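Next come two complexes built around subunit A: one with subunit B, the other with subunit C.
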Partner chain A sequence: MNYHFNFAPIFEQWPLLLSGIGLGLLLALVSIAIGSALGLVVAFASRAPNRWLRSLAFTWISILRNLPILVIVLFLFFGMPQLGLSLDKITSFIVALSLYASAYMAEVFRGGLLSVPQGLIEAGQAIGLTSFRIKRYIVLPIMFRNALPAFGNNFISLFKDTSLAATIAVPELTFYARKINSETFRVIEVWLVASLLYIVCCYAITLVLRAMEKRLVLEKA
Partner chain B sequence: MDWSYFFNEVMNNRDALLHGTAITFAVSLIAILAGTVLGIVIGIAVTYGNKPLRWPARLYIDIIRGTPVLVLVLATFYVSSAVGLNLTAFQAGALALTLFCASHVGEILRGALQSLSRGQIEAGRAIGLTFGGIFRYILFPQALRFALPTWITAAVEMVKASTLLSVIGVAELLLTTQQIISNNFLNMQFYLLAGVIYFLIDFAIEQVGRFIGRRLEQPTRRMV
Partner chain C sequence: MTPIVEVRALHKRFGELEVLKGIDFTVAEGEVVSVIGASGSGKTTLLRCLNLLEEFHQGEVLIGGEAIGYHTRRGQRARMGEQEIARQRAMTGMVFQSFNLFPHMSALDNVTLGLTKVRGMPRNQAIELGDHWLERVGMLERRDYRPSQLSGGQQQRVAIARAIAMNPKVMLFDEATSALDPERVGEVLETIRSLAQEGMTMVLVTHEMRFARDVSDKVVFMEDGRIAEQGPPERLFMHPESPRLQAFLKTSSF
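This part shows the complex of A and B:
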């Protein structure tokens, strides 16, 4: 192998790469926020007394989980304008990623809901709480705590999925990596640096989440 | 919206669509099979290996899982040609997905193996089994039962990830769809069609997984 490494052209573009990863993190944060809110509604719908509401929730989860995210992204960006709904590329990507996230988060929250002991809900009823207050003060706090590790894993996946925004020319890290790749032909260097940036970011997110878990998880009595 | 035009176009392009679906199947199948074999080796190395075996396996899993699949696909495609490995887009894509699948299977198997109690290995040793025998007759059958539902999810992920090969020019279902769209501009209809096909494939895999999962569950239930 006769390859001479030269990282200089990559590091000249360092600010671009950093802005790219910043945008990726931002996209993931916004999407997981919207996706969690939507997912929470779907999770409660999946446990609703109404049969139609339940099957609607399960259909939502099943469809979005079994579609490739790239197809959702392209459908929203290129297909929706035909129905008169033109979104700019960043908004359209956030909508796509949020919808995708909502299905995964709904599953996470559904698992969290199932893990709330029935006895605690009955205890709430016994002391005369309304069903809203039971949800607000008993079910939700326990559910969130139980859902936290899975929430973290989903956030990391979503952050990695922001690389797909490059396919509709959203200027995040993968987009710049491809650009630098074709402009400088420092092929190995640019992909090495891009992957390392992603790995470092994922690792940093893991550390933050682990610290959060430690603070929030109750000591086992 | 002119649906008859759309159906006409689907009929005109049905060979291309079928071919694209076949490529999607082929590349996903290669990735799942090769990735599972490699992943089993990695999973064993990371769980039972000594330090020089465990560390590279751990590093492999962490590096591949920390990188987005799209970056993995692009990197494999461009880097393989830069180092003089003349892979076609299909080969590079299949390789990238295999590496990705292996890291997932390795991690799944590690989780499953670690949930088995240490005492079972000792029991196996006590009756004079070699490690190969212990793994083959004691650990693997139990780990399989634990790991199967997650493995099926990984298979679905592979089919979904195969769409990323459209970016490096593998004419699988998504790229075929895009090529058809560039001729007739029926963006929404054809992306919807692609979505339906992907959904059907993934949904079928998921249902088969559920069915097998239920079959595998039974013996344990009876034992308890």
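This part shows the complex of A and C:
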């Protein structure tokens, strides 16, 4: 094997690659924020006293978890305009990833809710807190802490899913890597650099989340 | 004088199973009442009815003369609204077997949460009162510790401070020392004893017979969902009348 690496043409496009990973991060952050908010509602609905609300929550979760994210992305971007709802590609992708994320986050939060001991809820009741305040001051803070490790795993996974936005020409990292690939033909170099950028980013996210876990996750009493 | 706690013909079912079969008893102001009996006799359920953690199906519970949990609307017995029930729960202070401190809060925040969010006390005033009660149970030096950094006995003392800081009419103790290591039992019993001596009204569900005998003004013996015998501790422990109590005392350690 006498392949001669030549990274120069890649690094000429460095600002593009950086802006690509930046957009990917932004897409992930926005989608995870929306997906988490939605997921939280679905998680509470899945534990609601009302039977219809519970079924609705479980239907939501099982539909979205059993669809490949790529199918959701393509369906929203190419399918919805046929129904008269055209979204620009970035918005369309954020909607797709948010919906997808909501199902996974709902499961994360549902697990977190189950991890809050009944005795703590009773302790809140015993001092005269209403059920809203018990949720606000006891259930939610404990749930978030207990859910943090699982939340982190999903965060990484959803960030990597932003590479699928390339299929609808959202200019994130994979999109630019493919573009540079076809312009320079430095195939190995460009995908090596792209891979490295993804790894560094994911690792950085892991470190941040681990630091948060260390501060927040509750030791067993 | 109005009793602090008055229970009238109380019945409670779990599905088909009737666990309380008509309970009557009262607790006067400043009185310490111990409820004893075998596991499954209904004593914890009775205690949990007193602060509405359990629903009950017949009869009445009055705290400070106020009927709690249920009212009669157009001849129908109905559970009160959430706000009302929350307010009534705060009239009693509960100490649980497994402490149930909020694990994400410091000892002090455990005590002040109810003061600020239920009593509407300003934060600095709540801290002052929280410190006062933590000092009272010997936990002031650990006010900033999390529950996981405290021993079982220390956690239970914080839990006592959390309950009593709310200024309840009566304190309820549900087997407060059963989950503790033997060497930690004494410190919690001492705390309870000193509160009793100060005139706090209390109902204790306990397996600590010696403590029940020493600290109580009245002992209630429960058997199969009923009160089999009640009276002053000297009489119940020294001269039990019912054969059931005689048998129970033989098997209990002092």
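One rule holds for everything that comes next: the second predicted complex is superposed on the first by the 216 of 221 C-alpha atoms of A that agree within 3 Å, B and C clash if a C-alpha of one lies under 4 Å from a C-alpha of the other, contacts with A are read in each partner's own complex, and residues count from 1 in each chain.
To be clear about the criterion, a contact is a pair of C-beta atoms (placed from the backbone, for glycine too) under 8 Å apart; a residue touches a chain by one contact, two chains touch by 3 or more.
Predicted model, so just to flag it, every value in this text is computed and none were measured.
Engineer: Here subunit A is shared; do subunit B and subunit C fit on it together or clash?
Structural biologist: fit
Engineer: Please indicate which partner A:Gly119 is in contact with in the superposed arrangement: first for subunit B, second for subunit C, both, or neither.
Structural biologist: second
Engineer: May I ask you to decide whether A:Ser55 touches subunit B, subunit C, both, or neither, giving the answer as first, second, both or neither?
Structural biologist: neither
Engineer: When the two structures are laid over each other on chain A, which of subunit B and subunit C touches more residues of subunit A?
Structural biologist: Counting residues of subunit A touched by each partner, the higher count goes to B.
Engineer: Just subunit B (first), just subunit C (second), both, or neither: which does A:Ala194 touch?
Structural biologist: Touch partner of A:Ala194: subunit B, not subunit C.
Engineer: Once the shared chain is lined up, is A:Ser131 touching subunit B (first), subunit C (second), both, or neither of them?
Structural biologist: Once the two structures are laid over each other on A, A:Ser131 reaches subunit C alone.
Engineer: If we overlay the two complexes on their shared chain A, which of subunit B and subunit C does A:Gln82 touch? Say first, second, both or neither.
Structural biologist: first
Engineer: Given the touch rule stated above, what does A:Asn6 touch, subunit B (first), subunit C (second), both, or neither?
Structural biologist: Neither partner.
Engineer: Taking the superposed arrangement, what is the smallest distance in Å from a C-alpha atom of subunit B to one of subunit C?
Structural biologist: Least C-alpha distance after superposition: 23 Å.
Engineer: Taking the contacts subunit A makes with subunit B in one complex and with subunit C in the other, which residues are shared?
Structural biologist: In subunit A, nothing is touched by subunit B and also by subunit C.
Engineer: State the interface residues of subunit C toward subunit A in the complex, per the touch definition above.
Structural biologist: Listed in rising order, the residues of subunit C that touch subunit A are 51-53, 82-83, 86-87, 89-90, 92-94, 96, 98-104, 113-114, 117-118, 146-148, 150, 155, 159, 162-163, 166.
Engineer: Sort out for me which residues of subunit B touch subunit A in the complex.
Structural biologist: Where subunit B meets subunit A, its residues are 1, 62-63, 65-72, 74-75, 78-79, 81-84, 156, 159-164, 166-167, 174, 178, 181, 187-189, 191-192, 194-195, 198-199, 202-203, 206.
Engineer: What residues on subunit A touch subunit B, complex-wise?
Structural biologist: Answer in residue numbers: 1, 3, 62-63, 65-72, 74-75, 78-83, 160-164, 166-167, 174, 177-178, 181, 187-188, 191, 194-195, 198-199, 202-203.
Engineer: Where on subunit A is subunit C touching in the complex?
Structural biologist: Going through subunit A, the ones touching subunit C are 117, 119-120, 122-131, 133, 137-138, 141-142, 145, 218-221.
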